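Submitted below is the structure of interest, expressed as structure tokens.
Per-chain numbering from 1; labels A, B, C and D assigned in written order.
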Amino acid sequence: MKVRRSDRVRSLVDMPGTPPTRFVYLGPEGTFAEQALRTVPAAEHGSRTPARSVGEALDGVRAGDADAALVPLENSIGGAVGVTLDEMAEGEPLVITREVILPVDFVLAARAGTALAAVRTVAAHPQASTQCRGWLRDHVPDAVVVDVLSNGAAAAGAGSGEYDAAICAPIGAARHRLALLADKIADHPDAVTRFVLVSRPGPPPPPTGDDLTSLAVYIAHDRVGALLSVLMELAVRGVNLTRIESRPTGEALGRYVFFLDCTGHVADVRLGEALQGLRRVCADVRFLGSYPRHRWVEAAGERPVPAPAGLSDVDYADAAAWLARLRSGELS
Amino acid sequence: MKVRRSDRVRSLVDMPGTPPTRFVYLGPEGTFAEQALRTVPAAEHGSRTPARSVGEALDGVRAGDADAALVPLENSIGGAVGVTLDEMAEGEPLVITREVILPVDFVLAARAGTALAAVRTVAAHPQASTQCRGWLRDHVPDAVVVDVLSNGAAAAGAGSGEYDAAICAPIGAARHRLALLADKIADHPDAVTRFVLVSRPGPPPPPTGDDLTSLAVYIAHDRVGALLSVLMELAVRGVNLTRIESRPTGEALGRYVFFLDCTGHVADVRLGEALQGLRRVCADVRFLGSYPRHRWVEAAGERPVPAPAGLSDVDYADAAAWLARLRSGELS
Amino acid sequence: MKVRRSDRVRSLVDMPGTPPTRFVYLGPEGTFAEQALRTVPAAEHGSRTPARSVGEALDGVRAGDADAALVPLENSIGGAVGVTLDEMAEGEPLVITREVILPVDFVLAARAGTALAAVRTVAAHPQASTQCRGWLRDHVPDAVVVDVLSNGAAAAGAGSGEYDAAICAPIGAARHRLALLADKIADHPDAVTRFVLVSRPGPPPPPTGDDLTSLAVYIAHDRVGALLSVLMELAVRGVNLTRIESRPTGEALGRYVFFLDCTGHVADVRLGEALQGLRRVCADVRFLGSYPRHRWVEAAGERPVPAPAGLSDVDYADAAAWLARLRSGELS
Amino acid sequence: MKVRRSDRVRSLVDMPGTPPTRFVYLGPEGTFAEQALRTVPAAEHGSRTPARSVGEALDGVRAGDADAALVPLENSIGGAVGVTLDEMAEGEPLVITREVILPVDFVLAARAGTALAAVRTVAAHPQASTQCRGWLRDHVPDAVVVDVLSNGAAAAGAGSGEYDAAICAPIGAARHRLALLADKIADHPDAVTRFVLVSRPGPPPPPTGDDLTSLAVYIAHDRVGALLSVLMELAVRGVNLTRIESRPTGEALGRYVFFLDCTGHVADVRLGEALQGLRRVCADVRFLGSYPRHRWVEAAGERPVPAPAGLSDVDYADAAAWLARLRSGELS
């Protein structure tokens, strides 16, 4: 009985610290999304179900049929994944609890025994072949690239012998028992996709000192002035942006939603003050979660930016103590 | 001989007012991009060649093999088309000379004589079927949706009898002589795609009083402060933003590029002053063109926002005259 | 014994609500400062001692020889009273507990029986005669104006018969039993002087909903940027300025102190948040008191400016409650 | 005939480069104002007439009875000289052509043969005795200080034998043939007064690379927002403030005038752009002159602040050239 199962799941999830056990991800199997999900420890011990679309994955979480969904948020080549942003901004609230940044390590895979020189047809999702254009031209200039609908489908096609080789994710090659003819064949070696793990609302994961907070911020009409106000609310509290994107809301002409990723955690004094400011000056603000920043190997050199002068936690505590003294009349 | 042909084309294009005659667009045939191109008068009398990718289309213009390329820039559902932004921001400069905003009027089309009740299979690009999910559930709940690689391929599949029906653009239905079982079947009736016509650099089209200017703006490190500076440069000149998106440049960690669409024309005093300001405070600014704003029927109610108090062209002229008097010493 | 008296006074003052009983004011007797002090109810029942200078008056309070000092802060004609600002900004802290705005109602006064036509000599402080220049020219064009050192000295001189008449405050005329030949003779009929009542630090008077807070704010070097930061701290909390003045500190070149009067009370959430922000971004901030705004008759039409959209106390409470919900995970 | 004389003077003054020959200054003789005027080379060869008040001095220039007036603008101890600001902001326009910063070197002077130990009475203007309070207490603790109306009157009183000694300016001692008992007796050794030389409007003195521009800026109602706009106009052009003061205009409640001193010259591109911006966003702007910054000996260490990154003249020229290229279509 569906309702009772949902209820049971909710009560489990509402207990802070209860890890999710039933995961859904943007399918099909054998794509980068599945590979990203495998980096989440809890997912190794839980169930992992592919969904046909981002909407289906998130609706599964909303309905209580899954505890968490792993979906792509942005790709360093293709940009924001609009459908994920829209699905997060609308409908019943969901929150991001984790980000997973995965290098887009495209491989060229084929059935065992296939030599690179013998490859005449390559199955690939159009975005994948576009990102490997230079490599293909240099290494298999005479192969015909056949468009297929996903990286997983490309691997399956090579596995079944329909095509000589496939551009796919390493996980797709493994799943279809393909051998690697080449790896890291993308023209942009640093390309990454940023996935997020999304759950129903609950207490956010504890602050780590290097967290991000995602927001959907609605502002009206005069966009420069309104956007300046938003940035001033952040700037005066020393909150940095790591991403900003605008999208029309579709609800009314001249109304926009900005997706912001800010440094800091909702539990921080500084970000808390900034969030209250945004709440006051914006038409609407939807909180999309606070979660640890994922620092993958290639980005090891990128350190968290220290708080600007006067905006450290120590400065905040000092100012609060000073105000308390003023209010009590103890000036000296 | 390729080189000479390119040279000849360039000399023609360099003559202001010479309209482009050879057009390329993001293919295949029968998609919304072709439909958008057909709204450009000059394209009706010129050649129209589909390209396999945005990169191929733009490179064709860069090489002089085409005079102008029509490519998608953003979609009100799917968001920015990252590959177009990246291709415009890198490589040899290109400029936008026109925008075309096209309603995404998905239709359900089938061979003549097919009744809606008889439809068992529907060919559709995954983005198209996603955007029509509600309609499909309500009207053909039992039909199987088969993923294909483009709206044009869907129409072709229905035309050949492989599938009972197709979700496609009106132009795709017409090209394959399909009858319309239903039109405007998208769940978001106001969905639009914004295409741009891109040429090699040349004098921009003359100002119309309701123009847009597109920019790629590079800023460094501290993003709130730097972005505040950018917005202040615009705000103090009364220049409005209609779009802002951030993307990592990939060149170095912590370096970002913002794509901005601003109100105004590079020939305007006000925007000219703002552009100079951006040039001074940003790490780099790439000008992507000034062009008339396209006002399509559904947006008829959206008027150009009048200049804020003190920032009209009259105010600019008054202030310039006043400064000239100050400098000459004629105060009274 | 001085020390014990001071101690006793302090303990009284430290008890909130204990009204001051020993007042000092900028002398001599018979000037506007005494007249302003007489508008303070507690001063009617306490002692009122003239001081030779602002510094002497304030030092008397610091030493515990007086409970409160009434000194001029600014004059609508002469501007800020620099010595008062400096004395407040340096030395042991003092706080403003009340402001008194007094119309500068200069009168022409003479001994009983003197007719206006018979006035040949007019004693006046140079600032007073300057402010009445037009009236003197029109009504006693042939009288000689003799400079004296204060409005009180002018009245005394007329009372002793040394001069035929005096320009003075009404209280000076009354004290020396002079008759009024004319009143409201100042050329600017709306001229006012703003006095402040200053005490040793203690809990501020309770908020009234229409309060001012005075600050001395020290900023370093780059003055536009630093001053912009100060104003942004106020603006994002909807705190208005009613006065701003800059003075060099004298301590070091390029270091400045700004005297600000802001709307709001240190006990208000909004101003409290702004004060903490100033504390963090400024080199130093000295709190000079929160006190009710004095609304005198002539200014009856000037209403307190309502909080900007999104910045009312209700908005602050709403935002705080929202943040609490976010932190607890109760989003819906 | 007065009118003709004015006309003649005006025609002389209107010829750029014609130096003023008839000077007026705030009297009486023997004060710091006269001393300041003596530092102006042209004044050594012209006539020097004391005026009874700032208003009289400036009106003399307006009427053509003098070519230039030297009046105090601010004092590092006493603050702005309100009457000078008001007289500059109202009535027929006048412009500052030069500033003179004079150390306030108070001396104790007496007739020849008077020993310090024999001084029983000291004549002094109240502001002078206030500024020398510490010295008097330490060196002549038993002397009676007698208030007089000006530093010049103090010197005269000592010269006539009415008082034993005088606190006065060095020039006052010299004029009355007094000997110096002590010099630099002010408690703040760095105190200075800033005088300005004011003329009828004409071409400003040529830029020197280290100039100041004075403005009276009128803004309406919401003071933080309006003042933020003013500062943003300056900040985005890298114009620094060296002074800001607010005064109520008296014309209408809630209307204020700000007196600003900015770095730069009206002939500079950067300041010119900022001035135009102020003209557009302010209720009114009155230009009060561009003139070389006076760098006196004590301030020798204070260098002109270099333009912020991106705001040098070279940056401005680069940006202008870039914009010209954009407008012509030459992007590459």
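Criterion: contacts are C-beta pairs under 8 Å (C-beta built on N, C-alpha and C of every residue); 3 or more make two chains touch, one makes a residue touch a chain.
No experiment lies behind these values; they were computed from the predicted model shown.
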Most remote chain, CA-based centroid, reference being subunit D: A
Euclidean distance of C-alpha centroids - subunit A vs subunit B, Å: 26
Subunit A and subunit D: spacing of chain centres that average the CA atoms, whole Å: 61
Residues within subunit D bordering two or more other chains: 232, 235
All pairs of touching chains, each written as two labels joined by a dash: A-B, A-C, B-D, C-D
Contacting residues of subunit A [partner subunit B, same complex]: 53, 55, 75-83, 85-86, 126, 130, 133, 147-149, 188, 190-191, 221-225, 227-228, 231-232, 234-235, 239-248, 250, 253-254, 258, 299, 301-302, 305, 308
Residue ranges of subunit D touching subunit B (in the complex, touch as defined): 16, 92-93, 95, 201-204, 229, 232-233, 235-236, 266-267, 272-273, 275-277, 279-281, 287, 310-311, 315-316, 318-320, 322-323, 326-332
